[in-house]
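Heads up, the next two complexes both have chain A, just with different partners, chain B and then chain C.
The block that comes next holds the complex of A and B.
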């Protein structure tokens, strides 16, 4: 390749990195102060884009009036979110706000979709399209405006945080909110200001990016959040100038990845590099190694409080009722219950690694995918009986899953979440690109149905009973382990890994055991799913499923086995119950989720 | 079987006509069943990332239902749909499948949208002996799920070679680069396109697969540009197709663009604006076509929704009219639908002209294809001039 071609890739990388920067700065600001990955940031970005669309295409306002309108509307929205949904959870537990932002994002996206229809819309830029030739390509006025906004806000934020009294208050709150309160800082006002600023910026970036692509739609929020989070991790979480550098770097990495390997390897290359960065510099590229952030996920991160004790008799009664369900429910009810049980398996696995061991995984769908592909390929290519294939798939998933997550064992807090998120994406992208094994996007069809020997298990009651037996067995085993020496060691690692290590607990080995056990359960869940569906491809187990699994585990109460099962029954069952509401059902589901978090911020059955 | 959460979202007839029907039935005995709607289940995305396609389906469905019910329904009974939102998610589409199979009032099912969501539900429909009519399911294995899987989706083994033939024979491309969605549909189409191009003596200089959620194509286009193509072939939907066209011009690529018929939507022009001017594509129908069924569809669509119909509207509309014809000719049980689909002949169709199934593949062959281009912000018939002058 010639130098001029590399120049083109570099310019393109900077142009797209410039766009990620707008998102990452807002996320970094909120993370820095509230120690929270704001999953609703992408939704505010989408709302900002639609406010811009209304002002420009419907009201025919000039850009000079549209920008303040977007800033104001998004800031008001941010303040509302902070005041209504997050502040009430302030002293509850530190993971409840994360779940709340997932719920808010669901509600906002649904409202956007209901108001503006799901169709994509054009958002034309009112700026004159002057283009400047650079190398073979060109940059336009909008690129420069986005660059100016990114640099301008970062500069303004930096001086605000450094040189103003309010900025000092923000930084004090970020370091220690209780100490800040003692010194007379109005922490609530600080949080509100931070949400207002970050959301205003998020909304503005949605509008600018919408104009850049001349395309906005209500589904754009999830990917925006994903890219923004990745970009700010590279720069160092909560580090505003770092977020900009990280974004530009991410853009460059993606661009060079395309140059070297082709478009379908773009994200694969980027995520692999992200993990490398996390291993090499676990606090982000631009944080000094000594400057360890406080540990948000361990210790104080989990709510203190007693888990709800369910008497064993009640559990046996619930189990018996569950076993009798096929005599009372229709096939539809049984299918829904089977789905809930399969998600229960996933949630059991996640609640173990996230709750008991303290490694909050955001890539758990990757384990489902490994189990599903392993079992499907074993059953089809090697003609292994289905039940055997399912068990083997569990083992394969335990091994591969543990090896994949191994580099993340030394990471802490949110970095684990991001590393696992990246690993989940890598699994999906490898499946997509490894045509020889997985048949790429064509997927695997004709997967044999569930059966034991010659006994078919595909009718709804049999499939339900089969999954129920698997879930009960794994849940009992997990409960047994948790009350053993191993369980105590895991909890010790979670509560204080340095103390645990000084008592001679080998961190890697115990974490590996947790992931192996969790991977086995999740792998079996994926394998059973593959045989129920008969067809899978790289989209069957997507990133949304990882988020849903985490939602279930947190809602049930992290580490709590009964909680994981109750959470999955609720979160799989509620959308089915709300079917009569048609387009409104996911909105109502989101509101129900928010209410549950509000009522039981420590999880329905409490953290174990 | 019990159905504890069923609130069937029956769109037609209204509650009043149902009550009226029930009242009349009470007076006249025996005719009670005549007023019950003939019910079809739809499993598709109304919320979630693919909701826009479900919304397009709905417009086509509602228009066709009006036409069927305005013309006497199915032997006096109204035709109605129960549309269940699957979010294009296999977990939900399998639950919906059990719900439909367990509801004896439903006599055939339409959808789902993507292959993972549709094909996960196929075993349930097959065992329940309820026809799953996948009208957007081009996956080559979809109808292999069993003899209750039928599809009138466009076949990629037809569409893709036709597009490439247009690009190479008619428009004169010799060195095309292909950009395709990296999905089951896009990959299948791309493989067929490469084969056809080779057979026609052209050299495919680059192929690049991209994910549906990607928005930035600048670096991809640098790669494409450096392969020195004399034109681009896009295997895209309208939103991503428009994004690529816009960024092509920024990347300094001025070569002609030939896009798969799936971009045929007014949204393609709205989103692509001036950048899609001159794009070549194919369509299975266009508003100025003289065929009566096309004229009827376009006129009624414009009157009802005040916009131009797109391909997804047309698939949905065609499908309801096809099933109505089957129900009228062969009866209204589940088995009648299954048997009737094999025997139905010559149903007028916007996409196909006349529909008949190949009973071996349970698919329809022979879609109409017209060569189109974008001119003056509109889709018009191709002017017959090659994009690259012959040397």
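The block that comes next holds the complex of A and C.
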């Protein structure tokens, strides 16, 4: 690399880092006062970008009017989220608001998509197109604007937190919200102010990114959330100056990484860095490693209450009815039911991991991807019979999945969710980049259909029955394991890992066993899906599926086996049957998640 | 049985435990007392593997257990309760106490090097007669342990722990620790927050355990109970041992009286000393 290109990459890294900083600072402020990783932050960023697009390209406003409009609209949105969706969850379990922000992000993204269509839009920068030569490289006006906005907000935030009464209140609330309340601080107002500031900065960041790449689309929010979260964790959760430093570091690492390895590796750096930080410096780069974590973030999302007991006879009757469905339903109904059953497999696995063991995983679709690729490649490359390949894929997924999640076993609460989310993304990115094994972005086509021996299962009823048998078998196995000493041991780890370890329960071993069993089931689910679809690529099993699986598991009641199957029948089956709703699917899922967390956190059949 | 020597734990600039030595003989009941913040619970955490000392050694029955993870200690006969009570909230009383028997499951947890976890998973699925018999025997034994508490817990076997009264949750914790069949039992303020009747009940149970030959290391604030139960007492203040000896001797030690009175303006130690006098 020559000196001037190196300089260009550095400028680029700093500019991107500044954009991340606008996101990460907001996330850090929110985490500070509300102890919450705001997964809706990226959606606000997207909304900000679209507000900017409307002002500049439709209304032809100058930048001086557009920026206040973006700030105002995003702030109002943030305040609305805090007031309507998060404040009512004040006394709910710690992970409840996090799940609620996921629901909000699904709703906001879908609304953005319905209003502005999924097509990308150009967001031209209204600034004059001058470039300044510095050394061998050059800097554009937009670069300078972004750098100035970054420095300006950092300075403004510093004086706000340091010298204003509201800023003191924010810092007091971040340290101890109960004590702040005792001292007369209106914590609700502090939360609202923080959401307003954080969202305004997030929206501004979205607009600047849109101008920088001259391109915006409704799908950009997820990536933005992730980058903001990574930057924040590098700097230390809730640490505002740390978030800025972490963002610049992340921007530079990404920029140099792209220079050295190419664009498709870009996110891989971010996520590998995230996992490394979570393992070795969970309090951030700037905290001393020997310090105790600031908050004991124990507790999974588990509402108390007795699970609904369904008599075995009723379960047998439901199973029999399910087996008879092919005689009553059309092929379309059967395909929908098969799809619901496959989601049921994933939800069974997730309800074990997130409910029984208490690790709320946001990357579970990664297990599907591993199972699908394993089975497809075994069947194609080694010509192994499909049924054998599916079982082997289950075993491969159990082993790889457990090894991948192993570093997260000692993490708690939010950190588990973030780490599993990152691991899910890493799986997809490795699939994308490992051309030799996975055929990279092209994906795998011509996967042999489901078959038993030499008998292919082409028509819908056969495929349906096959999947039904697999689901029932795995559900029974899971129920049997849960009734053994393993069931109580897993639940004990979930309720209080310190007490469980003090009574001889080896945490790593039992979490590994749960992940191995759960991975086996999910891997089989992915494998069957691959043989049904006949084509898969790195995007087939995306993060949305992980979120959907979690919604299903919560709907049924975390840890509840019948609940997982009922949840998938309701959430996957029903929207398909009303075809007009297809467009609004993610909206329905988001609203369902929000309502559940608020109104029935124990799910339909109760947690187990 | 347990030898602690030169134990040090720093939190930032604070020496929470400063060169503490203690030894406990089989069958003995040793109490650790001291004002709040004296380092008693930190000492317990260091012995029971929840925290690592910055210096010093913990030797249990001739074996160096310094810095061993807590899950290893239950297996070699060390069990503890927690100051603020840590039951498994969503588990039934029976399941809570069954966890205490976890390390004694041998049929269900075969010790195969490398493949133990896989074998355990398969055995949980297949459930052969040996595994079933072991589980049934453990359940019977748990009922015997719960019978120590009269009819406080036995009628509530299937109740989830979160539905129990505070005193009952503390009882579940003690029962769970007893299910380990520990050679050394560490009790961290077992009667904290209990009224007089409940305290007397726990005191009777501890006296009965001691009479059976159970070795016990006890942290307790209620000096009346400490004086009547203990063979020896160690007094801690500011991370250090300031006195050690039989209850009567410690009680009249000027250093001890000063430590308590010195804290009386801020802590809750003052009423306790009245209680003892």
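Operating definition for what follows: the second predicted complex is superposed on the first by the 485 of 608 C-alpha atoms of A that agree within 3 Å, B and C clash if a C-alpha of one lies under 4 Å from a C-alpha of the other, contacts with A are read in each partner's own complex, and residues count from 1 in each chain.
Heads up, the rule we're going with is that a residue touches a chain if its C-beta (ideal position, glycine included) is under 8 Å from a C-beta of that chain, and two chains touch if they have at least 3 such contacts.
Owing to the predicted nature of the structure, the values given are computational and were not obtained by experimental measurement.
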Practice prompt. After aligning the two structures on chain A, examine chain B and chain C and state clash or fit.
Written response: fit
Discussion item. Contacts for A:480 in the overlay, against chain B (first) and chain C (second): which applies, first, second, both or neither?
Written reply: second
Practice prompt. State whether A:449 touches chain B only (first), chain C only (second), both chains, or neither.
Written response: first
Worksheet entry | First, second, both or neither for A:512, with chain B first and chain C second | second
Worksheet item: Touch check for A:312: first (chain B), second (chain C), both, or neither?
Response: neither
Worksheet item: Is the number of chain A residues in contact higher for chain B or for chain C?
Response: B
Discussion item. After the superposition on A, what does A:118 contact: first (chain B), second (chain C), both or neither?
Written reply: first
Discussion item. Quick check on the superposed model: minimum Cα to Cα separation from chain B to chain C, whole Å please.
Written reply: 33
Discussion item. Does any part of chain A touch chain B in one structure and chain C in the other, and if so which residues?
Written reply: none
Item to complete: Over in the complex, which chain B residues touch chain A? Could you list them?
Response: 1-7, 9, 46-49, 51-52, 54-56, 83-85, 87, 90-92, 94-95, 97-99, 101-102, 114-116, 119-120, 122-124, 127, 139, 141, 144-145, 182-184, 186-188, 208-211, 213-216, 218-220, 222-223, 225-226, 239, 242-243, 246, 250-252, 267, 270-273
Discussion item. Per the contact definition, I'd like the list of chain A residues that touch chain C in the complex.
Written reply: 292, 302, 304, 306, 477, 480-481, 484-486, 488-489, 491-492, 494-496, 498-507, 509, 512-513, 516-517, 607
Worksheet, complete the sentence: In the complex, the residues of chain C that touch chain A are 11, 48-50, 69-75, 79-80, 82, 86-91, 95-96, 98-100, 102-103, 105, 108, 116-118, 120-121, 124-125, 127, 131, 135, 160, 162, 176-177, 180
Worksheet entry | Complex contact set, residues of chain A against chain B | 1, 5, 8-9, 12-13, 15-16, 19, 110, 113, 117-122, 124, 131, 136-138, 140, 213-215, 217-219, 222-223, 254-255, 258-259, 262-264, 266-267, 328-336, 339, 343, 432, 440-443, 445-446, 449, 458-460, 532-537, 539-540, 572, 575-577, 579-580, 582-583, 585-586
